[in-house]
Amino acid sequence: MSRSLAVAVAGAGSCFSSLVQFAAMARQQPAQLAGVMHERIGGYALSDLKFVAAFDVDREKVGLDLSKSILQSHVAAVAHVAVEPMDVAVEPGPLLDGLDGPLGQVITAHPDSTDMDPDVIRRRLVETGAEVLICLLPTGSTEGVQTYARAAALAGVAFVNATPEPVAHDADLVALFESRGVPLLGDDLRSHLGATALHTALLDLLHSRGLQVVNTYQLNVGGNTDFLNLADPVRSASKQRSKRRALSAAGIDARTVAAGPNGFVPHLGDTKVGFLRIEANSVLGSPLSLEIRMEVEDSPNAAGVLANAVRVAATARTAAVAGIVDDVCAFLFKSPRRPATEAVGLRDFQDYVKFVA
Amino acid sequence: MSRSLAVAVAGAGSCFSSLVQFAAMARQQPAQLAGVMHERIGGYALSDLKFVAAFDVDREKVGLDLSKSILQSHVAAVAHVAVEPMDVAVEPGPLLDGLDGPLGQVITAHPDSTDMDPDVIRRRLVETGAEVLICLLPTGSTEGVQTYARAAALAGVAFVNATPEPVAHDADLVALFESRGVPLLGDDLRSHLGATALHTALLDLLHSRGLQVVNTYQLNVGGNTDFLNLADPVRSASKQRSKRRALSAAGIDARTVAAGPNGFVPHLGDTKVGFLRIEANSVLGSPLSLEIRMEVEDSPNAAGVLANAVRVAATARTAAVAGIVDDVCAFLFKSPRRPATEAVGLRDFQDYVKFVA
Amino acid sequence: MSRSLAVAVAGAGSCFSSLVQFAAMARQQPAQLAGVMHERIGGYALSDLKFVAAFDVDREKVGLDLSKSILQSHVAAVAHVAVEPMDVAVEPGPLLDGLDGPLGQVITAHPDSTDMDPDVIRRRLVETGAEVLICLLPTGSTEGVQTYARAAALAGVAFVNATPEPVAHDADLVALFESRGVPLLGDDLRSHLGATALHTALLDLLHSRGLQVVNTYQLNVGGNTDFLNLADPVRSASKQRSKRRALSAAGIDARTVAAGPNGFVPHLGDTKVGFLRIEANSVLGSPLSLEIRMEVEDSPNAAGVLANAVRVAATARTAAVAGIVDDVCAFLFKSPRRPATEAVGLRDFQDYVKFVA
Amino acid sequence: MSRSLAVAVAGAGSCFSSLVQFAAMARQQPAQLAGVMHERIGGYALSDLKFVAAFDVDREKVGLDLSKSILQSHVAAVAHVAVEPMDVAVEPGPLLDGLDGPLGQVITAHPDSTDMDPDVIRRRLVETGAEVLICLLPTGSTEGVQTYARAAALAGVAFVNATPEPVAHDADLVALFESRGVPLLGDDLRSHLGATALHTALLDLLHSRGLQVVNTYQLNVGGNTDFLNLADPVRSASKQRSKRRALSAAGIDARTVAAGPNGFVPHLGDTKVGFLRIEANSVLGSPLSLEIRMEVEDSPNAAGVLANAVRVAATARTAAVAGIVDDVCAFLFKSPRRPATEAVGLRDFQDYVKFVA
């Protein structure tokens, strides 16, 4: 009774690698699967995901079978499970601003990706029968992300913007998705359980007790190419805006909070370390402080949310939703059009899943 | 339109001190009051609390006006606000097992408290017109706590058991409250925002994402007489059982979790430091760890919850509730008869407050 | 040119297990050996250690070959290296107060260990040709430790008191070792790099800059039988005295410092977690604070120091040193007769090693 | 018997403010002075410091009496002590690259500081009778720092380079100081007790026990103008090089260690927070990890070292030392010409002080 879900991906890096492994593990060891919120969303199991296309600019990845590309050297994602050959090769995508900043020093662009006609992407999405396109380009690649978004809208393929670059926050693109009757989810994928999810949950907890938050910081360091890229302040500008938006939705004055990224620590690899501090005034003006160190593997964390987002997107496409799927975005993304507290966002998401079941 | 709420207290220590100061601050600086969840519960403002009786065994406190006793030397509670004379003196209460363990080395019992007739308490509750009796005796004083509970039930005074000693978990006492038509709240007051509230909220968050918690600890140290008393493993046995119950309600195997108290650190005074760690398996079996240091002033933290509990208790007495007020206990206490997750407990409590508004 | 060093041990638990493995590793993989301060001390390499006797009261261990006993169930020590059969079996030792407290609930005494004649130990030490006896009995076993010390002195075997029970702090025993011309090292073995070594090194650093330490704590939790035993305040009393002595030697007012042990956390196994905090006043009265979390495997940490202590003891025996070997004890033990700062203790130890080389 | 020591300063920011206050406190409350390593160095007490000139480019500071300028708004340094009027006004210094980067957005240059003749500085040093010039310019101001260094050398005034810009690492400048017979101290002032001092002391401790350090990081955040300036990767390049040099001297492979600065957190003000982690292999290959959070007031921390450096510099000038004073620089600076371990650096410094006493 299960049907397959055709997925295309832009940016075949470590998050993509984790998602491919997650789907493979769902097929191989369904009983032991941790971190799955819903076995089925709109009838789709995680094991139904079928990867039909993957676009990248990295000369070392283009042409490789997906099962091989996910273990390719620049990918910090750990191999958690063996993946069978998939008979789908990584295709070149348009370079544009994808390797601006520090990434350009460690990754060489494939020759076909420079000066590429963006319409190729639209055509390939149609040819491969993709239902959903997940955008996992590096932070700061505004042109690249918006190019893929436009191609998806024109091809009638639901779009999941995992990056902080503006798509759900770009009025023209939102109008395009609406006019073409295509669903859009974004911007800036939350981690399944990352520093921002934890931060906002804690702020909610304090506010529920009437405490006044005085000062707070959230500092993040890591060793994968995401953090290498974010070490450039120009590239990370959109990320910082997005994090501030997420904390603002939890009732914090977003201008005063300090939120990373805060450094590239090579030996950490795909491990991300977050330091959070919250100082608050409680009863009788007495002080409360929380200092937290969170350690998490970065890419699997993203795969957990993508497993939800991609299935919601497919469901919305079947239901011919036009434009942003607001009900699920507050829970799945850091910069949704309509932010909500952790509790409200979770409830709305769960209601949506129940509704489409 | 506001009416006063007559409160009696057994155990005039640092939590009592904070509650008295909290009510005084509500009268003096209502605008700046942090940590108040509800301005009114059943019509009562925090400023309506009127302390009509206080029982203690400490020779240094008996006979002092309450406004003076709250600054008395063994009391670690910080003076946050000036309190006017209250024309109510601390009265002797029955000693029983109140100073067993380490407390007996720093506190001398008042002569009248030994071999005292417990019925005196019942009589004094009636004479002073007390509506609610809050029990703040040291952990481990099972006899003492149950004696005050019996006196309250017989006097028709609502009982708030802030200690981990069994009252809501003692079938005979519960039956007594039911038969006398008197409300009972307990056992073991949560902190307004303490280590256990934080711990269970975090476990809820992880479970909501499908993560599997593997190992966890909660270690607490402090420098007030509560921690001095708890340094004795015999005295702290009921406390540990209660903490495990609270974590069990959050879906943790309570036999395997380590939960303090873990030491008396004199220089901390009324400051409590908690160390929490949670290790979990996430997507693809990837590890997640949280290490948290929480610093909080202990007694005001209790006063925040007491401010809720005492007003709920008075409301329940007016409504002639007989026995345990289950709807509010999961949120207010660590060992309620009917435990619930953080989210459910909070919702039930808020519903109750809305209902009696 | 190397000669063997005959070692006997009282208390064949996890520290003993680590020491046996450490010597085995020194023979098997000398190149990769971490944590060895000196390849040779007085001519002895670590690989020269030969275990000639081991005494224990545990029914599950007595009779087993040492190579098997070191993996026996109550022993939390991890197997780091394969150990060949050693043709030496664990022998029963006198029970006395060895299993008082919580240990008595998880360990059953061997029948031969009750009412045993202590002189058997002296005889066995002579018969086996032991040169050094290392005492690793559980904390709190004052009678047991002093019984072994007496046997060693009478047998002319150098004694290393790794426990906090008083031997170097017992005038009669010290006199006995002096009169018999036998060397004595103790009391209370430091970890190779444990919480107390770290704590005192940090205090030294602050003092070297003229900072005034205001408050400090050191909290330790673990999951091996040492921590199970120490959870009993009666058993841990000698341990706490010893830790305070060590901090006092670093210039801290030992009455005010809080130093654990602070709890048995079963899931930690042989891992020990220490929380240290130091608050100090610096230039212009400005505050400085350090909060440290240290995680370390407990037993190998002890083996590192034992590897030094046992070779020093053998050297001192050869040189006919009578009584306490003060020059090395400040570095190797927490409660030496003559304490010193970290820097001075280290220098004296290194000088001694150079002298006997 | 005490004589005064004439001090000039380039960069009248928060470190300067702390040094002025430190000297004032030494005069007012000599008994309570914390953080002073030596009451006298070469006969000079801290209270002997007399500030004869201060150069800055900030329009808000130029023209103010020093006693007022040290409380000026951009200065995050806390007022710890009242300072009397000093009859010395802040003078304009040459702008050059002083406000490149983020500082240019919050500080406006005084008109006289642009296109200023650098020889003015040399003349003013001579006119004011300065004996030592302390350079406290923002990190990244290579031109500015080297201009002041040249002026000092030509004026015969000892130079203390507290910045990471190359002076002791610039062969031409070193040659100039040598040929003019003028002492030079640098580069990059250590904190009195900062993250790098702590980091290197801990690495020394681990190495002294034979442990192998595997991974380590040092992350620093703060809220003063130093951290605002360092948020620009171009400006902070010299700082990072200098930190790596310091860790390298402690035996760490400097290419692999991650060392901040890691972010501007406005609410921290002059407080600096450092996160250190050290992972090592110990006995039997067992793992040891240290995770440290250090909180310290940044500017007083610098003043503590300056109090040593300025008196050493004056002493060296009297003794006609030509060029770098190597014996003290390993202890006082992060990037000395001749690095040493913490222990060796401290010993050499103490020997020097004893020698000139």
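Chains: A, B, C and D, in written order; residue numbering restarts at 1 for each.
In this section, a residue touches a chain if its C-beta (ideal position, glycine included) is under 8 Å from a C-beta of that chain, and two chains touch if they have at least 3 such contacts.
Quick caveat, the model's predicted, so the values are computed rather than measured.
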| item | value |
| --- | --- |
| Shared interface partners, meaning chains that touch subunit A and subunit C | B, D |
| Chain located farthest away, centre of subunit C as origin (C-alpha) | A |
| Inter-chain centre distance, subunit B versus subunit C - centres from mean C-alpha coordinates, in Å | 43 |
| Rounded Å distance, subunit B centre to subunit D centre (Cα mean) | 52 |
| Multi-partner residues of subunit C (each touching 2 or more other chains) | 291, 293 |
| In contact (per the touch rule at the top): chain pairs | A-B, A-D, B-C, C-D |
| Subunit B residues touching subunit C - in the complex, by the definition given at the top | 215, 217, 219, 221, 231-233, 256, 258, 260, 262-267, 275, 291, 293 |
| Subunit C residues touching subunit D - in the complex, by the definition given at the top | 18, 21-22, 25, 32, 34-37, 78, 80-81, 192-193, 197-198, 201-202, 205-206, 208-212, 281-297, 300-301, 303-304, 307, 343, 346 |
